[in-house]
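You will see two complexes here that share subunit A, one where it goes with subunit B and one where it goes with subunit C.
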Partner chain A sequence: MDLLDFARGPALQWSLYILVIGVAWRLIGVLLLRRKADHSEPRSTATARGALFTIWRRMWPRKEFQARTVYGQTVGYVFHIGLALVVFGFVPHILFIKDLTGLSWPGLPSNVVYLIGVVTLAALILALVRRMTHPVLRLLSNFDDYFSWIVTTLPVLTGLLAVAHLGARYETLLAIHILSVELLFVWFPFGKLMHAILFAFSRGSTGALFARRGAST
Partner chain B sequence: MAKSATLGEMLAQRGISRRSFMKFCAATASLMALPPGMAPGMAAALAQAKRPSVIWLSFQECTGCTESLTRSHSPTLEGMIFDLISLDYHHTLQAAAGFQAEEAREHAMKEFDGQYLLVVDGSIPVADDGIYSTIAGISNKDMLIESAQGAAAIIAVGTCAAFGGIPKANPNPTGAVAVSDLIKDKPIVNVSGCPPIPVVITGVLAHFLTFGSLPALDHLGRPKAFFGESIHDRCYRRPFYDQGKFAKTFDDEGARNGWCLYELGCKGPTTYNACATVKWNAGTSFPIESGHGCLGCSEPDFWDKGSFYRPLSTGEWGTGAGIAAAVAAGAAIGAGAALMSRRRQEAIAKEK
Partner chain C sequence: MSAAKSQTEKHPLDTDSPRFSIKKPKVRYDKQGDMPDDQRVATAMRHFVRDFGATAAVYMESCIHCGLCAEACHYYVQTADPKYTPIWKLEPFKQAYKREYGPFSFFYRALNLKSPVTVGELQEWQELIYDSCTLCGRCTMVCPMGIDIATLVGQARHGMFQAGLVPHELWAVAERAEKEGSPLGATPKVFKDRIEWLADDHEVDIPVDEDQADIMISMSSIEIMKYPESIVATAKVLNKLGAKWTIRLDGYEATNFGMLSGNTAWQKDMSMKLINAAIACKAKILILPECGHAYGALRWQGANIYGKPLPFRVMHISEFLAENLKNGKLQVKKVDKSITFHDPCQVSRRGGATQAPRDVLDTLGVELREMKDTGALNWCCGGGGGVVTIHRADDLRYKVFQIKMKQVDDTAAEMLVTSCSNCRQTFDDGQAHFKWDKTANSLLELVADNLVD
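Up next is the complex of A and B:
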């Protein structure tokens, strides 16, 4: 069994198991937690609408803070959108998802994805630079932040290296790329990357609570 | 034909013109990625070269490698192989049989000790003392070890000889191994492929006769000149991959338009061979040009790398039942964690 066989075989299988177990564990664990009883009189019963609105609303920047957050938000938007386009727009990735789930959709031209990958990588580096140089952000950052950055950036970097055949033979680079994705799968449920799922629940519960109390979100 | 005759003399006797010979040398030098100025040098060296004695051993194989070489369109460069060498022993091609055949091999080994080339096609079964394939009562393993002792170099022709090939595929009932698994003290060139491209064999022989050495090899012992680039990187359909245009089935519009076969399982990106440049059947086409994805036949263990028709980016991730079990296990752990948290909260509330 060579490295690519290992990456496409046992490593993929076990990393997916860990991903699925971890996500279910954390999600069910959070959803079943005891909730504090709210004895106040509800101002509104449209809590579901409030939850959905808050999930949507908080995806967009607030004008009040624009001047102070423009750098971080721009970089954040670029790498989040870039990651989404690379993951869900590259045909080999779509084929991987189709093989797992049966779902598929039209892909982007490969050359366009490569360009997006480069921009995404640049944005991720800028995000790290900001984290390491911003005095407050640096104090707030811990191992989870940096390790999550590494496991997010490695698949982008190794994917681009594989495309460009830089540093090793293609099959070796492809194996390393797949292994880096598997590292992300393993880390995803247990670190801050889980925000990709939990953000909807945390914002939703906040929005529902605010709506019940008649507060603006 | 006297073995002491030079190749030039022999070609002249066979009526092969100087012009044809120069064309052969120019083409071979080009294929081997040698500098353009090397063609005359190669011609001079080959003309003076003595035809090397070649012992060709066929073990666990389908004769496809020999068929590939002998049934190619004639006259071709690869046809020149029989002019370049003195083929003293070849199970399939020789007229002699039985005792006489083995005597020819033993005679060549004795007369050209340390000088002959050993060409092997087919893997070697080693399970149960190698009883699964014998020739004249001699196991393939013993015959290989014996024949390799006096060889100047060994050319493992085809994926079976180079890497074990299909006989080695899981569960490998005969314990098939490659030549390089048994022979460690001789230079070995792996000309892999199922079958290999005939002109690659000619190129290796021409290089050996011209320079007295084997060509530069990759990490799998294959000539870099032919195995240096992947099928995908040299494929004429590559622009369609870059444009995101893929055939979804073998008879859809994409297939008719000649779009990339990646989605249909083409293994071109991880396969190294010269099919896309040298092509087959006198340069007519190669599998992808005929509408089928590359199987990756020149790579080790190609038969055990999953379906030929699943895209390279898919993996062996298990089953839906396995994933469902993982979801159930994760949910159970999560529920247990939440339950413990609730009990702790209740205990704290009671204390207050």
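Up next is the complex of A and C:
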């Protein structure tokens, strides 16, 4: 078995097992904790709507915070949107997802995806520089923050190298690219990458609570 | 020695300065009891997670360390000191949660990925959990994960209180409130005397200890001791409505220093006094006074402390006024002034009663000049969460108050109005400190002064 076979075969399989079981474990571990009944007289009973609204609302910046947060938020938007476009817009990725799930959709032109990949990588580097230099982020950051950055950035970097045929044989580059994605799968449930799932529960909880009080979120 | 005397001797009150607290202690005791250090840590963490449900756990799991909360916090904005980042104020508790309680705690412990929290860390964090957090919840509004950081700080205070790690003054006023029924010496006897004096002086009926009343009112100690006109204003409004109302000496104190200091048992005692008194007089409505945290304590937590829905409505005085002005039962003269309104965080941002005071001001016909960041995004005055009682926090409090001064000045309104007496005393203190030309006025008194005869 060569490296590419390993990456596409057992490594993929096991990383997906860890991803699914790990995510389920972490989610169940918190969601099954008790929820106390709230006996206060609600100002509004539209709590589900409040939850959904807050999940949606917190995707967008607020004008009150804009002046102080514009740089960090812009960098964040660029790499999140860039990652989404590259992961779900690149034709080979769509084929890969089709193999796994049977789902597919039309892709973006490859050259456009390459450009987005470069911009995403640049934004990720800016995010890291910011994390290492901004006093608040330096204080807050721990192993998880830096390791999560590495496992997010490696697939972008190795993907760009693979399509550019830079540094090694294409098959080797492709294998390294797939392995880097599998590293992300393995790390996903244990660190902050899990926010890609938790955001809905966290925002939703506050949204429901505040909606009950008639408070805005 | 009586309990009351012992409280006064232990922690003499300072009621001569613009903000009420105990006198500045000569020697600080910011560590209570004689528990061994390791036990303090274990106790703190146990009580932090005691009320932990799915929601708080989801919050603890969701932080992405983006640092945005710092930008919403008046302490960070005014000092640029990263330690005031709201989520950092929970760091030891986050650490302990991951190590001891989270879904992957076995990994963290087995691989020693998170070191155990020490009592030294908790003592260091006391300033962050108490002195530099008013529980205003502005950080909750900016968090991209929607984490309600203010609630978590409140839970951290539960742990800190049980571990005996509460700032001297806050512990003292909380203990006084538990023992005497008021944090600022407004004991039933003092209150009764004040009511008699006010009723006489202002020729207004103030019914006390009625067996049956439709409305029971509560008061904040700050009002009783510092702004007694609030009592008169409340009486004028209720008498004008022809309401059957009462004050009950077995349950009148609306402030809840049990909650602010983190003692859940005292919080319960304080809330139950009000609840039992309202039940005893068969009240249909319990009116909470111009006090921010009193609203959160009873309106949103009261029924949960009681264990079932309360058999009466709980309303903030601004909601009560708005309702009766809108339905025409109360009528007011027009006030020809430009006014800016300071939202008390616990009533507005965290309590949802943002519109009520605006409806009141609308009926008064004033020109309302909103501050730039207002309503749910309003900046805190800096005195909430018990912070105004803590002497060592004064310099920091004045720093954050400058945001508020600028907000108010920028509106160029003729008058500043709020509906929280704790905010009012924070403004009074800031006004004296900065020799500022603005005073925070009471919304209730503005209405009472302009009732149509």
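The criterion applied here is as follows: the second predicted complex is superposed on the first by the 215 of 217 C-alpha atoms of A that agree within 3 Å, B and C clash if a C-alpha of one lies under 4 Å from a C-alpha of the other, contacts with A are read in each partner's own complex, and residues count from 1 in each chain.
Just so it is clear, a contact is a pair of C-beta atoms (placed from the backbone, for glycine too) under 8 Å apart; a residue touches a chain by one contact, two chains touch by 3 or more.
It should be emphasised that the depicted structure is a prediction, and the values quoted were computed from it without experimental measurement.
Visitor: For A:12, using the defined touch cut-off, is the partner it touches subunit B, subunit C, both, or neither? Pick first, second, both or neither.
Guide: first
Visitor: Is A:111 in contact with subunit B, with subunit C, with both, or with neither (first, second, both, neither)?
Guide: first
Visitor: Please work out whether A:72 is in contact with subunit B alone, subunit C alone, both, or neither, and reply first, second, both or neither.
Guide: Second partner only.
Visitor: Which partner chains sit in contact with A:210 here, subunit B, subunit C, both or neither? Use first/second/both/neither.
Guide: Second partner only.
Visitor: After superposing on the shared chain, does subunit C or subunit B touch more subunit A residues?
Guide: C
Visitor: Give one of first, second, both or neither to describe whether A:199 is in contact with subunit B, with subunit C, with both, or with none.
Guide: Once the two structures are laid over each other on A, A:199 reaches subunit C alone.
Visitor: On the A-aligned overlay, A:140 touches which partner chain: subunit B = first, subunit C = second, or both, or neither?
Guide: Only subunit C is touched by A:140; subunit B is not.
Visitor: Overlap the subunit B and subunit C contact sets on subunit A and report the shared residues.
Guide: 25-26, 28-34
Visitor: Where on subunit A is subunit C touching in the complex?
Guide: It comes out as residues 25-26, 28-41, 43, 54-55, 58, 62, 64-65, 68-69, 72-73, 76, 134-145, 190, 192, 194-195, 198-199, 201-207, 209-210, 213-217.
Visitor: Where on subunit B does subunit A make contact in their complex?
Guide: Of all residues in subunit B, those touching subunit A are 230, 232-233, 241-244, 246, 262-263, 269-270, 300-301, 305-306, 310-318, 322-323, 326-331, 333-335, 337-339, 341-342, 345.
Visitor: Tell me, which parts of subunit C touch subunit A in their complex?
Guide: Within the complex, subunit C touches subunit A at residues 51-55, 57-59, 61-68, 70-72, 76-77, 80, 82-83, 85, 87-88, 102-104, 107, 113, 140-148, 299-304, 306-310, 313-314, 348-354, 373, 375-377.
Visitor: For a test of understanding, state which residues of subunit A touch subunit B in their complex under the given definition.
Guide: So the residues of subunit A touching subunit B come out as 2, 4-5, 7-9, 12-13, 16-17, 20-34, 91-93, 95-96, 99-100, 107-112, 165, 170-171, 174, 178.
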